[in-house]
Amino acid sequence: MNKILKNGYGMLLAYDQGFEHGPTDFNEKSANPAWIMDIADSGYFTGVICQKGIAARYYDKTVRKVPLIIKLNGKTNYHKDEEPVALQNCSVEEAKQLGAVAVGYTIYMGSEHEQEMIQEFANIEKEAHAKNLLVIAWIYPRGKHISDDVDKDVLAYAARLGLELNADAIKIKYSGDPETFKWVVQNAGTTKVFVAGGPKTDTTFQLLEIAREIKETGAVGFGIGRNIWQAKDPLAIAKQLAEIIYA
Amino acid sequence: MNKILKNGYGMLLAYDQGFEHGPTDFNEKSANPAWIMDIADSGYFTGVICQKGIAARYYDKTVRKVPLIIKLNGKTNYHKDEEPVALQNCSVEEAKQLGAVAVGYTIYMGSEHEQEMIQEFANIEKEAHAKNLLVIAWIYPRGKHISDDVDKDVLAYAARLGLELNADAIKIKYSGDPETFKWVVQNAGTTKVFVAGGPKTDTTFQLLEIAREIKETGAVGFGIGRNIWQAKDPLAIAKQLAEIIYA
Amino acid sequence: MNKILKNGYGMLLAYDQGFEHGPTDFNEKSANPAWIMDIADSGYFTGVICQKGIAARYYDKTVRKVPLIIKLNGKTNYHKDEEPVALQNCSVEEAKQLGAVAVGYTIYMGSEHEQEMIQEFANIEKEAHAKNLLVIAWIYPRGKHISDDVDKDVLAYAARLGLELNADAIKIKYSGDPETFKWVVQNAGTTKVFVAGGPKTDTTFQLLEIAREIKETGAVGFGIGRNIWQAKDPLAIAKQLAEIIYA
Amino acid sequence: MNKILKNGYGMLLAYDQGFEHGPTDFNEKSANPAWIMDIADSGYFTGVICQKGIAARYYDKTVRKVPLIIKLNGKTNYHKDEEPVALQNCSVEEAKQLGAVAVGYTIYMGSEHEQEMIQEFANIEKEAHAKNLLVIAWIYPRGKHISDDVDKDVLAYAARLGLELNADAIKIKYSGDPETFKWVVQNAGTTKVFVAGGPKTDTTFQLLEIAREIKETGAVGFGIGRNIWQAKDPLAIAKQLAEIIYA
Amino acid sequence: MNKILKNGYGMLLAYDQGFEHGPTDFNEKSANPAWIMDIADSGYFTGVICQKGIAARYYDKTVRKVPLIIKLNGKTNYHKDEEPVALQNCSVEEAKQLGAVAVGYTIYMGSEHEQEMIQEFANIEKEAHAKNLLVIAWIYPRGKHISDDVDKDVLAYAARLGLELNADAIKIKYSGDPETFKWVVQNAGTTKVFVAGGPKTDTTFQLLEIAREIKETGAVGFGIGRNIWQAKDPLAIAKQLAEIIYA
């Protein structure tokens, strides 16, 4: 795990929104993966997360220092009223060739297609560990069976599922307060917990406050995107967060 | 079968509830797999049952004496109104590498997805026996076609299905009285029968009474979890059960 | 075909009811596969039919003389209002290792899942013939499209399907009279026809009468279970049938 | 293509109706594949079409002169209100071993399952051509999207699909007049067109008239069954057709 | 990419309409693939796009100079009210053997079957790049979730999906004005953008105007069919377009 941690903590720059949400999240700058890679390589991040196309075309493993994490599945934003599912679109071996130290995969816990994703994830986990790559599970409770995806019991279940499936780390949403989130983290056992940064917060103060809170809970840090690259000064925010996270 | 029996009887500590039910079954102690592994290794149990993530991170095969049984499938608790299905998330070979002497797999008998699970189980059975691992089938009658899952005829059918599919042992619910359960066990033939411990009983007396009853029926013992690790003194209960089961 | 015929005729003892119907067909004696194997090995039968679990645990190929036929698929009795489907749960190679001379597979002709079973059967037929095993198709017209499964045209179609799929033999229901059944058998061409014994007849006379009738039709004999092992004296019935069938 | 043509024309005797329609098409004689094989081998036909079971049991490749074409898929007649689908039940290699010079496969164009059949056909086409076998596509527009399966535009589309999928030949229905059928044939490009004989015509004159018409259109001949073997004198009809077709 | 570009721009002659729309797009001339291949080989085009059947029968790689692009999937026009899906009908290896320098595949973005196509495309992309072939994704937003398939945000999403999936180039519809299309192209990053020519425009002037517009946007050119081969003088149109595109 130390490959994507510093002093036991980590901050992963997420840039798979082009696939998951489409370019509505982007402006002229952030639409450009090269600009993002430079931010990722600023020294404030312990990893950058993207799909294989972005990695193949914008991450030069002979030059970049920031560790690469390739998301192995994804879905477009056009499936709002369907039970969610995202399937593998990149092999573990391809990820390795592109220079990845870790692979990521989203499981929509509770979806009618949950078993299909669990099975695909299980095969990825086996192969990735055999090839000495880390495995990060995005565990997102979603679908008709899920009424509140930041409920502490739902999040604790998500955390536990990551552990039971042998993920090295998981990325999940924050419950909103450190007290309940401690229980969430506890159920992940030795599996590390990254908190999803989510949509841009109203103020920088809010974001830093969350950073301070999650450190109390045992989580290792953030998987964060929009709060960085939608900010006016991404590196300034990154620096402020880094001072809290890696402290 | 002697690998998971003592004097022809067995008591398997079940700890896959984190996957199947979520952490609502747990408290601060029981959420910790290390604490469970110590209970399992107390000498009162002939096996511990968990998913691969728990085994990989908390079961050290060079240290632990209690035999390991890895559950190869599982599903979350968010599918109440669907026809149940759980698919393989760990290969037989991985289970073997982690130190397992047996693998487990749940078949939801009567579910619309029954055939998918039977087919997956059949492949597991073939591979596990070829690799000298025992095969335990959880046979749970469930879905819209099943009105009473502890009816003696339904349980006898479940037992028989385990035999016909060449399981070394099955884990099924108790019918509630030894007379009807004898018929259930009889239909399992040479396939061994473990009774599912189920939710915590109101009193220890009730639990010990069931232990005494199932010994009359030809069953070999318990697959038991919550009645152990939700108890105030797990080892005290385990000791009392062991005195009955292995007598 | 001579492996499972005597003088060109055959009587196969069917014992897959534990899977297909559940133990309701059984009593204390017939629930025990060992008791059945002794009946099968009485000399009156040219084969015994069971699932792999029964074969693995109760058929010792170094001792038994009666040829073994392993049913490679099966389904439980809990799917009454679904379009029927049963999928492969034992490989041809496993059947061979267990000592089988033939494999069996049920195709529910007319079911919405018919194509899935035809495709699986086709692969089994290829592999079994390559391994020098006989292939018997249970062809049962069933599902919403079938109004009368003993109609002579429906049965003739079933017989024909067995031939077109290159089954060595088929097991189908009896139409009820030898005149119409001749047409059924004729459409099977060189594929041999076994008549399914079905539920226990009211009197022995009825059963022997059917045996006499089917001999007129060109069928080679019976695949018969309940009429044998639900009888008070199974061997007496078997003897009476054998005298007609092999005459 | 010359393997199944004479002077550039061909007449293929179709005998897969036992699978597709059931024995209702047959009488005592035509139910017997041996009788059909003799007709096929009369010299008037450039091929005989059947399923693998018929070929394995009634076509002796060391004796027969008529080229063998094995149909690799088929479905029973019990699926009238379903979107049609027929899946592969015989491998290309098996067909080759049985002596086939060509393989056939039906695609129900427009069916909801169209893609599944196109994909299976594509794999068959690849393998068959690699093994030097010809590939004939039955392209039958069918399902809820098709209102008129002999409309000239629909048939032209069917013909075109055969070309785009690299079939050596197709078998399609006749549009009813040579003028429109010329456009159909034109869209098949270098892929040869066989006209499906269909149900028995009322008079021999009608049948011969169609034979004359289709020769005008660029089609290479007939895939014909019932009009031959349901006739009082099959060889007389075959002779009359041959004189037109191969002229 | 230079294999299918000239001075950094390209014009690909599309001829897969026989599969996608049927022969209604054709007249006597355009129904003939040989006539199309001559147009494609006129020097005005940097590639010709067709299905494997057309390539196998009409593209002689020892003679033709125009680069070949094989479309690896396709569906017929009979699925208007279904969620769209088209599956692979030609392997990458076959395409290479036929002389292709690139392969194409359509993803219906937003369809309920989107994941199936993304997964198939991902495997194609991996294999094609390993075999040194270019990969072009047709990304067509379609299905019940898509209300306007030429909306700039929808098209920008389509462009982005192509980049994220590591397509070398994409073919998408034009938004209608260069201003919005610049944003679309920008989101494709280093993935090249071909504009789909679409149905025949009313006047040549309109078509040339679009050609001029798309050059402003960063797109590399056209994938164009009907506007060429439905024109009275295809080569005259091609010449006029070429003068704009390659300028």
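First chain written, first letter: the chains are A, B, C, D and E, and each begins at residue 1.
Assume a contact is a pair of C-beta atoms (placed from the backbone, for glycine too) under 8 Å apart; a residue touches a chain by one contact, two chains touch by 3 or more.
Because the structure is a prediction, the values reported are computed rather than measured.
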Set of chains whose contacts include both subunit C and subunit B: none
Self-contact between copies subunit C and subunit D, residue sets same or different by half: different
Subunit A on subunit D, rotation in degrees - Cα superposition, rounded to nearest 5: 145
Subunit A and subunit C, separation of their C-alpha mean positions in angstrom: 56
Gap in Å, rounded to a whole number, between the CA centres of subunit B and subunit A: 35
Residues within subunit C bordering two or more other chains: none
Pairwise touch network: line, ring, star, complete, or other: ring
Complex interface listing, subunit A residues touching subunit B: 109-110, 112, 114-116, 118-119, 121-122, 126, 141, 143, 145-146, 153, 156-157, 160-167, 183, 186-187, 189-191
Contact footprint of subunit A on subunit B as seen in their complex: 16, 18-19, 22-24, 26, 28, 31-33, 50-54, 56-58, 74-80, 82, 85-91, 94
